[in-house]
Every structure is written in structure tokens, then in C-alpha cells.
Amino acid sequence: MHGTYERDTRTGAGRVELVGLYKRYPDGTVAVDGVNLAIEDGSYCCLLGPSGCGKTTILRMIAGHETPTDGEIVIGGETMVGRAPRQRGTAMMFQNYALFPHLSVRDNIAFSLRVRGIGKRERYREADQVIEQVQLSALAHRLPAQLSGGQQQRVALARAIITRPRVLLLDEPLSALDEFLRLQMRSELRQMQTRLGITFIHVTHTQLEAVAVADQVVVMEKGRIEQSATAREIYASPRSAYVARFMGGQNVLRGTVETVAGGVATLRGPGGERFALRLATERSLAGRELYFAVRRDHLRLTRADAAPPSINAVSGRVRAVEYQGTYVKVAVDPATPGAKAEGGDGFVAYVEEGDYFRDPVVPGTTVVGSWQIDEAHELASGPATAPAV
Amino acid sequence: MLTAAGRRPWTFYALAAFFALYVAFLYGPMICIFVLSFQGPQGALVFPMRGVSLHWFAELVTQTETGDILGAISRSIPLAIIVMAATVAVSVAGGLAFRDRFRGGAALFYGVIVSLVAPGYVLGIGIGLMFQLLGLPAHWYSSALGAQLTWTLPFGLLIMFAVFGRFNRSYEEAARDLGAGAGQILRLVVIPIVLPGIIAVALFGFTLSYDEFARTLQTSGSTNTLPLEIWSMTTNVTSPVIYALGTVTTAFSFIVIGVALSAIALIQRRRYGRALPAGRH
Amino acid sequence: MTRTSPSGERASPARPYLLVAPLLVVLLVFVVAPLAFVVAVSFFHYDNFAIIPAFSFENYADVLTAHLTYDLYLTMIWFSLLTWFFTLIIGFTVAYFLVFHVRNPLIAIGLFLVCTVPFWTSNVIRMISWLPLLGKQGLINSALLATGAIRQPLQFLLFSDFSVVVSYVHLFTIFMIVPIFNSMSRIDRTLFEAAADAGSSRWQTLLHVVVPLCKSGIALGSIFVVTLVMGDFYVVKVMSGGSRASIVSAMYDDISTLLFPHAAANAVILMIIVVIMVSLILRVVDVRKELASQR
């Protein structure tokens, strides 16, 4: 259509690389603390983390709305630091969308063409095509305040994609929507990404959202990347206790290494329990404290009066039982008094509904949770402050 | 008292009556002179009405008894328009600047407050003296213009502070993201969004200038603005012609106010539907 | 992540200064410099023909030894206190009604505008519009005579302290309503329910919840009203029928007879008195918070 305006379609044009990215604000807070990350061309990447972890700052630095204190941003092999937002081939979808309240849907979407000096007829023709893509043709003349949340989100998306970006940056795109719409728009976003084939970088604080849409999930904490991997990998093998707790569905346990043999360590837990843990790499760790994770749905609960397994088991008193439909969530306090003070916070088991109701345990019952050696997963780092979900 | 529905407490009726009395107090005298301006030719400054006529309005235009009213109007309206334009430009720029902290900002802000609360006539004397001692001639378009700005700018700025306090900066970022330059962001995004606030500033700029007295008295030079003319009439004129002038100038003010407020209401209605005009930008 | 830092860091540091430059120029040329001229001239000599640059306190001596000066200041301070009292009572009540008793916000805004519209019209006209009401043959006296309530027209209605205060209240109540209305609008209405739950009567809630929360609005309004009355020129002159003068109209008379340095000394004293009155108000309530929240 317009020479310089055409999307760059070279292979790898939408590959984003962050090298040693660092951001300190004038007030001294470090928002982003040395981030290295590669996002493949045409992939859907989610930056995931709690409030204040630096994920939005990263997004804004990629977009060019903030300048890194140090480090490089490379898109499609070209370094971007110092370039204006429009020269980066990125487009941003803002939290709450920032739709111009005085412009109609059509004028909002055609805005980038207008500021490029493209005539009315042509920009409306082009805008109308995009409006059709996001199924808003009937609403083209409405103002943003006359649209529902979901419609506003589509306008924001259309306004961004009409610039034919190589990379689309989405800042908490679903946070303004109610639960039902959020699920619907989430899958629309993913479909749109697949159709356009461009890179999406999506910032969110919701684990389920990230896991549902992303090819690559980047879990962040305090300005650093805790883990970057596929959703399944992050969920199945969290690297650290932080990731395990933040992603949820995991019990984080610990013990002191007594012996290591044949790649398997024997640990003693805070309550005197014995654990066998297959190590990721064979190494000598005697005397060290190790953390590991066991998925909640992998814990098998038995009453304490049955003979407990001598290894890979923890016991405790049931604190709460929550019915969840297909399964029952059983929260257990640690048995040994004082274990809690030491940081043992008990464990949670997801018991399949049918299994639970064959022999329901009520709060106060003493139970044992056990697992197979291959169901435990070694964690690279220790204590974490992330709230258990 | 704030029960969601149902009967209103007795305090509501007491306060509503009080409010009605206040409104009567506010508008009653104005209505009186409005009525009296239609006195018959034999009518006096007070009731009763001796016939109904447009005699005193005609008197206004023919200026047999009065001073240079048409001349005063021909100065007051252009002056009000210039003051309005300057107030809008300076207040919008100032409002934009005060969104960020900058060194000296607090001092400047206190300067604005001083300008607002300083006795107007004292400022007028100061400006008059300054022009006199510097050998500059005082005119409505120089010294009086500056004097009036010291009254309109504080109002304009306080309005713009409130408007920009509610302005979401992600609109500007979104525009920049879409490729707009600084000028385009201002012209296509910021100004249209804060337009209702700008109209309010314009309304203050125009009407406060059009009715300004204390600061203008020593600064308008040898010619009068309309309020000065009216003032001199209060001491010389003893016929209802002064009421006719009051009716004309008040009607003009009402038209200006009506146009400005309707424009604001129209924009808000268009933008936010039936939602509150106080809706966030 | 919630740091929506407005990328102020990207903007050039000169930007705010360029934007406030026109404002700064106006303030320097038309506020700071003129006030400096007034202060300077207040120390000048003068005779019947000219003003002579000098540094002398004779103007202040003249002003401060004149009996008239004290009369003027005491009168105006008395007027400003009376006006303050009535505008506060009326302004608070009207704002309270609009904010807490009118349920439909559109109607509340409409009624608020009804109160503010006269502010945008001519004060001189609004003042003289009292003449046909309060005069000896005015509407009020005629009505009272007609009903037989009085035999002689009430003299105190016009060209008296009464008519002066009525005019001030009429002109300046809006300056109380607006800031108090603003403060009240920010009060969380669930506080009323909380207070009622705690067993507070309506009157106690008003006194212990509403009044403290609109302190800054009351203070702002008070500053407006007090400074406006102290700086008044024409109301005293016209509405007292010439029997009284205001501080400012005394200056006007000086200037008409070319006694500039005398008027300047008076102006400086007026400024000092106004500053003292304003700082007394600020001493009771810190309005900086209120002004800052406007930004």
C-alpha cells in the first residue's frame, strides 16, 4: 500500500531480544534488573508476575515509551534503543485501551493513518477492512463510551494492527473485562495472533491467562526472570520454589541431604520424614538443604491409621476441605508442632471427587500424603515469598 | 438522610426551602431591574411601573443623557475576546507544564495565588504607576489588558489543573505509539479531549474581563470600558436608562454563558452518552 | 508494573519552562513589578505638581497618624467579618443541600450552575439592582407600608451598613459555595452510614464528620471573601450612599488628586493587613493540601 508502511515480512523480523536490560527510576527503584530474553518471531509470549515485578516496564521499554538505563533491545536484528515508538515496528495495546474518547471507532482505528497524512478516503477504506476483521462494522460510527468492554478491546486491537506491526505489545489486555468476557477475548487474541502470524508480547498477572494463550511463558519476580519456558514445562517442572508457588498446583517441600547415590538423594524433612529425590544432575550435596515440588494432584491421601509408607510421605491434620467440582481440595497442617514456625506450611492435595467421597476426611482427621519418587521434582532455589495459590 | 429510596427526611424540605430563598435572593434584584428597564417614559427608578415601553433602551442608543456607551462596548468586547484568547493559551500551556514537577513550580504557583487574592485596585494602581513612570501611555489594549489577565489567569489555571488532574496520559502515549508527533498529539488528542475544560476557561476569561472593574479603573487610560461607564452612570444618571443598560449587558452575559455551557453539555453528551458530565476523560 | 510513569523523563527538561514562560511574563510584568512600584512610590516625596523619588516615611506617617485611616480599616474589617459570617452560613447550607440532598447528580449540577451564573455577570449591575428594592420608595418598603406592618418607610434598608452587607453577601456567597461544594463532593457517603451506625445524631455527624472534612474548602472560601471585601471599591461607596468610604475608595480619592505616594503607602498597609488576615486563616487550616489536590 505505502512503501515504508508495509509490514516487514522478512523471516525473523518479529524476533525480539533483550540483552542485559536494566531500568532504574530517578527515585532509585530498580524496576528491571538485568533481563536477558529471546522471543521467537511469530510466537505468543506472556510476561507473568505479580504487581511491581517489572513486566510492564519491560513492555514499555520495548515500545519506546520508556528508555532503559542500560541494556539492548533488538527487534528483527536491529537495535531499537533511542528510536521513536513508531520506528520500531511495534504497536501497543494499552491497559484500559486508551481509546480516544472524542473519536468514533473508525477514526480511532484510522488515527495512525491520519497522522501519517493519508487522505480521508484512503484511510477510511483501509480502516473499514480492519474493522471488518474484528467484526465491528455495525459499530464503526460509535464513540468508545458507547461500546461494551469487549468491543472496546477489539477496537484497541484493530487500532494497533492497522499499523502492521512486527510485534504487538499488550499491557494487561483482559484486566478490564469481566470473567466471562475475559475467557472469550483470551481465545480471540490467540486466534488473531495465529492469523496474523506476528509476535505477541502480553503482560499479565494471571497464571491461567498466561498458560492458556502463550507459547512462551516468562515468570518474573522483582525485576528478574525466574523462568522462561513453554507453559507445560513451567507448570510441570518449575525451576524454583517461587515459580512453583506462583504457578500454583504444587506443594513445595524441603529436606536436608543425608546421602547421594546413583543420582538419588535421601533427605530428612523438618518433621523427621525421609524423602528420596531424583537429582537433576548427579552431584555431592551432603548436608545441604534441597527444595522440591510435588503436584497437588499427585499426592495420595490416606488415613494415618493405615500403615504409612516409610519414605516420600508427609503427615498432618486436615485443616480445610473445599469441594471444587471435579476434585476436592484438602488442605493439611503439618503434624509436628513447630514445623510451621520453621517454614513448613503443610500441604494441599487435590483428591479426585469419586475417590474423596468413598472415604471422606473431615477437618481434624490426621492424614498422610505420599508420592512416587518420579513425581517429585527438584527445585533450583530455595525459599520464596510468592503466595501459594 | 441518604437512604436509597423512599420518603425524604424533613431536613430535605427545610434545606430545599432555604435554597429556594437563596436563589430568590440571587435573582430577585436582577429581575427587578429587568422589569424596571421597561418603564414608560415618565417612569422613575423605582416601582410602580408607569406604562411599558422601550423608551430607555432607545435612550441608551441615542446617548442624549448618557456617556459614550457604544464606544465603551466597542472597547469592552474586543478586550474581552483578547483576554479570553490569552487566558486560554496561557492556562492550557501552564496546565500542561504543571503536570510535571519542575524547579520553581511551587513559587510560580504561589505567584498565581497572590495574583488572585491581591486587592484588584492595588494592582491597578501599581500597573498605572508603572506605565506612568516608564512613560508608557495607558490604553485598554495594553495596561488594562495586562491588569485583567492577573484576574482571569488564576481562574483559568485552577480550572486547567483540575482538568489535567483527571487527564489520563496513556492517551498521549497511545497517540505517540501510533506515530503522532508532538504537535499532532496536542492538536488531535489532548486539546479535543480537554475541550470542555478549555471552553470553561474561555467563559471565565471572557466574562471576568467583560465585567472587570477594580483592576481596569486606573489602567484603561482616557477611555472607559463598559463597567467603568456603568460606574460613572451610577453617580450621574438618575433615570431607568441605567436599568436598560443593565438588562442589555446582563442579557449579553447570559447569551455568552448559555452558549458556553451548552457547548460543554453537548460535547459531554455526545462523548459519554447519557452518562454524567463529570465522567472521567 | 502499575508504574504508568508518564515518561516525563523522555521530555526535554526545558519543556515545562517554555510552557510556563507566558504565565511567568504576565506575573512578573503585571503583578510583581507593579507591586514593587507601589512599594517604591510609597516612599516618594510629592508636592502639588510632581512625584519626587526619595526614601521617606512621611507618607506612612501621614497615613498612620490620620484618624480616618483607623476608621476605614476598622469599618472594613467589621464588614469583612459580617460578610464572612453570612456567606459561610449560606454557602455551607447551599452546598450541603446540593451535595447531600439532591439525589440526581444532573439536577445537582444544574442547580449548582444556577448559583454560579450570576458570577459571570456584571457585579456593578448586580449591586445597583438592589436600589429599587431597598430604597425609601423601594419594593420592600412599599410592600410593608401596604400591608400596614409599618407606618414610616424603614430608613436602614438602603444607604446603610445593612445594604452594604446585603450587597456583599449577594455578590460573594458564590465564592464560599464553590470550594465548599468541591470539598463536600469528595466526602465518601458511606461515612454517613458509618456515623449513624456508631449512634451519631445527624447534628453530631454534621459537626464531627462533615465540617472537619470541608475545612479546607471553608478556608479557601474565607480567603476569597475576606480579600474581596477588604479590596472592595464600589459597594461601600454606592450602597452606603456616600456616607462611608472603603480603604480602596480612599486611595481612589487620593489618586484623583494626584497624591500617588499617599495612596501607595495606604496600598502597602492594606496589602500587609490582607496578608495577615490570610495567614490567620491559613494558620487554622492548611489549604495547601486542597490546592495540591487540584493539581
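Labels A, B and C are assigned to the chains in the order they are written; within every chain, residues are numbered from 1.
The definition used in the following text is that a residue touches a chain if its C-beta (ideal position, glycine included) is under 8 Å from a C-beta of that chain, and two chains touch if they have at least 3 such contacts.
Bear in mind the structure is a predicted one, so any value in this text is a computation, not a measurement.
**Student:** Taking CA centroids for every chain, report which one is farthest away from subunit B.
**Tutor:** A
**Student:** Would you mind checking which chain's mean C-alpha position lies nearest the centre of all protein C-alpha atoms?
**Tutor:** Per-chain C-alpha centroids ranked by distance to the global centroid put B first.
**Student:** Between subunit B and subunit C, what is the gap in Å from one C-alpha centre to the other?
**Tutor:** A distance of 16 Å separates the two centres.
**Student:** Would you mind pulling out the distance in Å between where the CA atoms of subunit A average out and where those of subunit C do?
**Tutor:** For subunit A versus subunit C, the centre distance works out to 58 Å.
**Student:** Take the average of all CA coordinates in subunit A, do the same for subunit B, and state the distance between these two points in whole angstrom.
**Tutor:** Centres of subunit A and subunit B (C-alpha means) sit 55 Å apart.
**Student:** Could you tell me which residues belong to subunit B and also touch two or more other chains?
**Tutor:** 170, 173
**Student:** What parts of subunit A, by residue number, touch at least two of the other chains?
**Tutor:** Within subunit A, residues 65 contact more than one other chain.
**Student:** Out of subunit C, which residues touch more than one other chain, so two or more?
**Tutor:** 7
**Student:** What residues of subunit C sit close enough to touch subunit B in their complex?
**Tutor:** 4, 6-8, 11, 13, 15-17, 19-20, 22-24, 26-27, 29-38, 41, 90, 93-94, 96-98, 100-101, 105-106, 109, 111, 113-115, 117-118, 120-126, 128-133, 135, 137-139, 142, 170, 173, 189, 192-193, 202, 223-224, 227, 230-231, 233-234, 238, 248, 251-252, 255, 260, 263-264, 267, 270-271, 274, 278, 291, 293-295
**Student:** Once bound in the complex, which stretches of subunit B touch subunit A?
**Tutor:** Its residues touching subunit A are 168, 170-171, 173-181, 184, 188-189, 192-193, 195, 267, 270-273, 275, 279, 281.
**Student:** Which part of subunit B faces subunit C closely enough to touch in the complex?
**Tutor:** 1-2, 8, 11-12, 15-16, 18-19, 22-23, 25-30, 32-33, 36, 45-47, 89-90, 93-94, 96-100, 102, 105, 108-109, 111-115, 117-123, 125-130, 133, 146-147, 149-150, 153, 157-158, 161-162, 165, 169-170, 172-173, 203-204, 207-208, 210-211, 213-214, 217-218, 226-227, 230-231, 234, 242-243, 245-246, 249-250, 253-254, 256-257, 261, 276-278
**Student:** State the interface residues of subunit A toward subunit B in the complex, per the touch definition above.
**Tutor:** Within the complex, subunit A contacts subunit B at residues 63-65, 84-86, 90-92, 94-96, 98, 100-103, 111-112, 114-116, 143, 145-146, 159, 163.
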